[in-house]
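Labels run A, B, C, D, E and F following the written order; every chain starts at residue 1.
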Amino acid sequence: MTVDSLRPPAESGSPAPFYRAVGKEVETFRAAARRGSPVLLKGPTGCGKTRFVEAMAHEFGRELITVAGHEDMTSADLVGRFLLKGGETVWADGPLTRAVREGAICYLDEIVEARQDTTVVIHPLADHRRELPIDRLGITLSAAPGFQLVVSYNPGYQSILKSLKESTRQRFVAITLGFPTADVETDVVAREAGIDESTARSLVALGAAIRGLDGSALNEVASTRILILAGGLVAEGLGLRDAVQSAVVEVLSDDPDVIRALGELADAVLPRP
Amino acid sequence: MTVDSLRPPAESGSPAPFYRAVGKEVETFRAAARRGSPVLLKGPTGCGKTRFVEAMAHEFGRELITVAGHEDMTSADLVGRFLLKGGETVWADGPLTRAVREGAICYLDEIVEARQDTTVVIHPLADHRRELPIDRLGITLSAAPGFQLVVSYNPGYQSILKSLKESTRQRFVAITLGFPTADVETDVVAREAGIDESTARSLVALGAAIRGLDGSALNEVASTRILILAGGLVAEGLGLRDAVQSAVVEVLSDDPDVIRALGELADAVLPRP
Amino acid sequence: MTVDSLRPPAESGSPAPFYRAVGKEVETFRAAARRGSPVLLKGPTGCGKTRFVEAMAHEFGRELITVAGHEDMTSADLVGRFLLKGGETVWADGPLTRAVREGAICYLDEIVEARQDTTVVIHPLADHRRELPIDRLGITLSAAPGFQLVVSYNPGYQSILKSLKESTRQRFVAITLGFPTADVETDVVAREAGIDESTARSLVALGAAIRGLDGSALNEVASTRILILAGGLVAEGLGLRDAVQSAVVEVLSDDPDVIRALGELADAVLPRP
Amino acid sequence: MTVDSLRPPAESGSPAPFYRAVGKEVETFRAAARRGSPVLLKGPTGCGKTRFVEAMAHEFGRELITVAGHEDMTSADLVGRFLLKGGETVWADGPLTRAVREGAICYLDEIVEARQDTTVVIHPLADHRRELPIDRLGITLSAAPGFQLVVSYNPGYQSILKSLKESTRQRFVAITLGFPTADVETDVVAREAGIDESTARSLVALGAAIRGLDGSALNEVASTRILILAGGLVAEGLGLRDAVQSAVVEVLSDDPDVIRALGELADAVLPRP
Amino acid sequence: MTVDSLRPPAESGSPAPFYRAVGKEVETFRAAARRGSPVLLKGPTGCGKTRFVEAMAHEFGRELITVAGHEDMTSADLVGRFLLKGGETVWADGPLTRAVREGAICYLDEIVEARQDTTVVIHPLADHRRELPIDRLGITLSAAPGFQLVVSYNPGYQSILKSLKESTRQRFVAITLGFPTADVETDVVAREAGIDESTARSLVALGAAIRGLDGSALNEVASTRILILAGGLVAEGLGLRDAVQSAVVEVLSDDPDVIRALGELADAVLPRP
Amino acid sequence: MTVDSLRPPAESGSPAPFYRAVGKEVETFRAAARRGSPVLLKGPTGCGKTRFVEAMAHEFGRELITVAGHEDMTSADLVGRFLLKGGETVWADGPLTRAVREGAICYLDEIVEARQDTTVVIHPLADHRRELPIDRLGITLSAAPGFQLVVSYNPGYQSILKSLKESTRQRFVAITLGFPTADVETDVVAREAGIDESTARSLVALGAAIRGLDGSALNEVASTRILILAGGLVAEGLGLRDAVQSAVVEVLSDDPDVIRALGELADAVLPRP
């Protein structure tokens, strides 16, 4: 497995967001970005999808416009709507329309949660047409150069009732992100939480042990994110075991039996204070 | 099976869209178009329905107005609505109304997804009346010469709950599109992706192998569209096997077992680098 | 079975719509119309319900106002609503209200699809009161002489969840329309499609053969309408078998087995070219 | 069983509506009306509930305001709403509020179909308070003398999901209406349809025969209303058997077997022409 | 069981509402009222919950603001909303907000029928905070002294789907009301209906007999309210048995068998005329 | 188990809210607050979650903005909306937006009841971004220093249909609150209700006995809150057993058998008067 670090940004003075590559996600994203192909990011909660998109946007020097999908989101939330100003209705661009006009990367986070009209509205943007018809205005916008669609998706979540339509999926290049190797994850946790490498390694070991459990009792495994949250509590002076109890054990389950079992696992994996 | 290429456009200077006919779809569409009969395009995702309509509109020198159906679409999205301007409500034609006034082809993509009032509104347009009643305006428009309805439909998708009403279906001439022959598909993939014929042939061979699988594990087979997407990544320098992984394998399934099986199929079908 | 042709219109110079009576529908409609009794037209898709109402309206010299029912239709779509004009709300009559004021025939096509408030709103119009209360205006209109309600209904369609309420049904005189005899249907298809009698007879023979099938595989039988559509493609130069494939076989089903069986039936029934 | 005829109206010059009492409905209504108690009319479709209320309103010299309940009716449809006029919102009384102000009889037809807020809104009007709180205006109206609530209800219809709440029912005096005796019904049919007594008696005999059938095949029995409709077609010159076919047989069912059985019953009961 | 009568109102000249206490409801309400604790009234339909609250409000000299809950009620119906006046949106207090400002008793009748947002909105009013946050105005009101919440609830009604949330219930002091003793109920019926004690005693005996039935056939038992309604018809001259038929028997059921059984029970319990 | 009392507030003159710590909730909250990490409070109804947040806000000298979640709450209720003022639409911040601007603690009570868009809207606030995108304004706010999200959650309540999404949960530090020890709870009840320690101890003993029951018959155990409510009735002069009946027994169940059993438990546990 190759581990790339990102190239320094060519055109911007701001520091590159911290991202450590896990597989071939960087090369694949670069190829898709050069072609303008839309990208579908697949991966579990808290594995770094948002960070990865921030890093790629920085590398390409493009603005990043992020929209969090939810089940009440409609196409108007993406495209725009009329507002009443001074007795006139004036049009207000939605985030997708702004990205289309400005050539930005539009990142639709967990788009599958949204109502279907939000996925259909991206169809003509996601094929050879690269167009956004805005029916309410009676116009069709051509996407500016640099515009790219990125959508995220958590396969562990999706039910049969809520999955991307095939006619939507087959317009995307899919990139699967997973959790990093132990060394990379230790590096990330120590840096993000502001703790020493040894403590970070303990947290990563606990994360790996939880990920190795038969998953049936947990809805989802321990993410890098919750290891960083636990590390942060330690950095503020809380004991490691207490931090793990609040940021890992109690977060992963409400079931007293599961909480007890996770606690015993933490006792076994973490160093004695 | 006859393979037609399209006649050059009679009246327009713009280049004809690239379309390679697969069966008798071109003759049938021409007969229906001359008569003004509505057309129902049936076929799987990514087989070229949109391209076909673009090519036919070019041949007949008619404007093409495309509307993507979705489950929240209402008849007002097709017909139009009142907007508030300067304290007055002013009427704004919807895309269907514009097509009726201008004699354009109105292409309703996946109309079956829309709410039923959107299909009922086309009934008087789709029989001998060729009329669009606009209740909100209290008027009835007669369709201009050249107006034609085209709707698309993916039979593999439709559930019992969501299918076209019989009283709607029996107003249309149905044209079924499938995937092209290997030679035609190789030609299309090479041209669209910008890759050499040999690589395109490998991708088409993989597509055929996937289409030959017992389909129970896949929601839908590999479309020409995803073969073009994979080819595009190759054209940007990604390795063929990596491109196939992102644009074909990971797109077709989220199931780890299916992904592994598709990967092995790709290893077997694609040439060693 | 008596076959009436319509009497020439008494007061209008426009040609009478082409309609060939099948049973006693004409006498019954005349009696109901003279009395002002509402009429419920029952019959399958494409058997000519709309044509029949057009012909009767022409005979009685009354305006015909048609409204297509759909599941999102509300009583406001029938009765009217307030619109904002120049800072004032102004009332806009709906099609039912216009018919009540003008003494027209109001034809509610597939009214059972509409929401229940649309059927309740016609109750006082459909009994001895002949009144339309418009709650939003606080007024009650008496129907002008000549006003008549006609609603259509496809019994083959209706589920238990969607059927006319008994308190609605028992206000109507029911007229059942079926498909015409072979001679009449041949006459209709030849005239409407613009083809010779022999080809029309072949299409009618195919329609009869399909109607004679055990219906379990088809949602609905072949209507006169699709025979006319097939004939129209022939009139434009398409071969008879190809026209039947597009306008009949592919329209009646999406199931490959049913499509093959219908195709074999067409091969057997139609003359060899 | 006592049969009352209504007393002549005390104060009005308009003719009393034609109503023939069937049981004790008149005395009971009078007692409830004198006390101002709300009345719940129970009975099948077309048995004369509306006529009965019209007659009672006439007898007491009170205005009758009728509202037809439906499943989309809200309390605002009864109580009133704000409309925009000249840039101001102005309040428009609903029919219930008008009845409360004017001391009229408010007849809510099939109120059980309405949404529950419409039944709750009548609670304070239907007990010792006789008040209508209008939350939108922040006021509470006391009902004018003479105000009385009458609601109708068809017990044969109601499902468990849609029935009156007990806390609503127990505020009403219930009056059950049924079909009249043969002599009374013959009188009603002859008078309303404008036919001779002998034909009316035949129709009534058919109605009685249908009401005597094991009801499992019919949603509801033949009402007096459809006998009058059939008689009306006869008065316009249609044959008795044809009139019965359209106004009775085809109205009562869509099931071919039931239609045939009803037709045979009609052949047996009606006199040969 | 102690039977209190209410103390004369301290500060008001209007007569105290007639209420006869059944258990300890009066002492308990007084203790809760002095403390400002919210009260949950439990009891069957028509047992006098509204009367009881009226009497307590009178005793404490507080205004009583009553709101009837229904399933379409939203928090805006309680708290208030913006209305458009003269081109401005102006805020209109809802009944709960008025009670909070004025220190009134706010009686939410059958609040469990309302949408959940209406119960959540009362949470900060129903604990130590005694606050009403009005998000639309961006303010939080402190309840004026004397403000008290009273909600009613019919345990016999509630399904699992519709019950008060535990986090709501545990903010209330619960007072259960039942039917009064025979003597008290006779007194109430005679006084309210305006009939002699002997007739009232007969009605109360019938009510007790019905309440003693195995309840499975009835949705709810006979309330004091319907006994009063029956008495009222007698006071207007209707026979006792006929009054019972309309106000009790036909109200309690639509089932012919149950109606017959209740009628036989009435024949047995009531005195012969 | 350590029992902390809160440190006196550093910067404010108002008295600290009364809160007695039960476990490590105070240290954990302090660590999370210093870091700005969002906190998820888990615990049963009435155990003191609101009090705890009030105490922590006081300690840190931050404003506390509380929002009660309910199932009709939308993201606009949190973020803000446009209102019409003087013919202009003006933006009104919602409570979350105010907290973000002012650096307050935003406490979302029972957020899981809200619609999913309300939880998604907090995602960018609950990770390293600390941003609130307001799509309607086209802006993104950075949270002011001191801003902290706190959400509460009752694990005993949640169904599979209504639980926090994993991608939401894993952004929070979870703190579980339970009921305090008997000594602490006695102290709390005596102080809050204004009763002597002996009576408070009796109520706490009853609460413990109820919590020790096999829970299947109760939806939730007796909270500290209802013990305080019972104590309050005693402080107003009601007998202890009567106060327990209204504030504990009748509140915990509507089932006559359960009410009787709880009453017998109260008879056994409480001292004889």
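Here is the rule we use: contacts are C-beta pairs under 8 Å (C-beta built on N, C-alpha and C of every residue); 3 or more make two chains touch, one makes a residue touch a chain.
On a predicted model such as this, the values are computed, not experimentally measured, just so you know.
Enquirer: Using the touch definition from the top, what's the fewest steps needed to get from chain D to chain F?
Expert: Minimal hop count between chain D and chain F: 2.
Enquirer: Which chains contact both chain E and chain F?
Expert: Joint contacts: the list comes back empty.
Enquirer: Chain A-chain F contact: same residues or different, taking over half shared as same?
Expert: different
Enquirer: How big is the gap, in whole Å, between where the Cα atoms of chain A centre and where those of chain E centre?
Expert: Chain centres of chain A and chain E, defined by C-alpha means, are spaced 53 Å apart.
Enquirer: Where the centres are mean C-alpha positions, what is the separation of chain D from chain E, in Å?
Expert: One centre to the other, that is 31 Å.
Enquirer: Hunt down the residues of chain C that sit against at least two other chains at once, touch-wise.
Expert: Correct list: 84, 87.
Enquirer: Please output the residues of chain D touching chain C within their complex, sorted ascending.
Expert: Interface residues on chain D, with respect to chain C: 45-46, 50, 66-73, 77, 83-87, 92-95, 98, 109-110, 113, 154, 157, 192, 219-220, 223, 225-226, 229, 232-233, 235-238, 242-243, 246-247, 250-251, 254.
Enquirer: Which residues of chain D touch chain E in the complex?
Expert: Checking each residue of chain D against chain E gives 24, 27-28, 30-32, 34-35, 37, 40, 42, 74-75, 82, 84, 87-89, 115-117, 119-121, 123-124, 127-128, 133, 135-136, 138, 155, 158, 165-167, 169-176.
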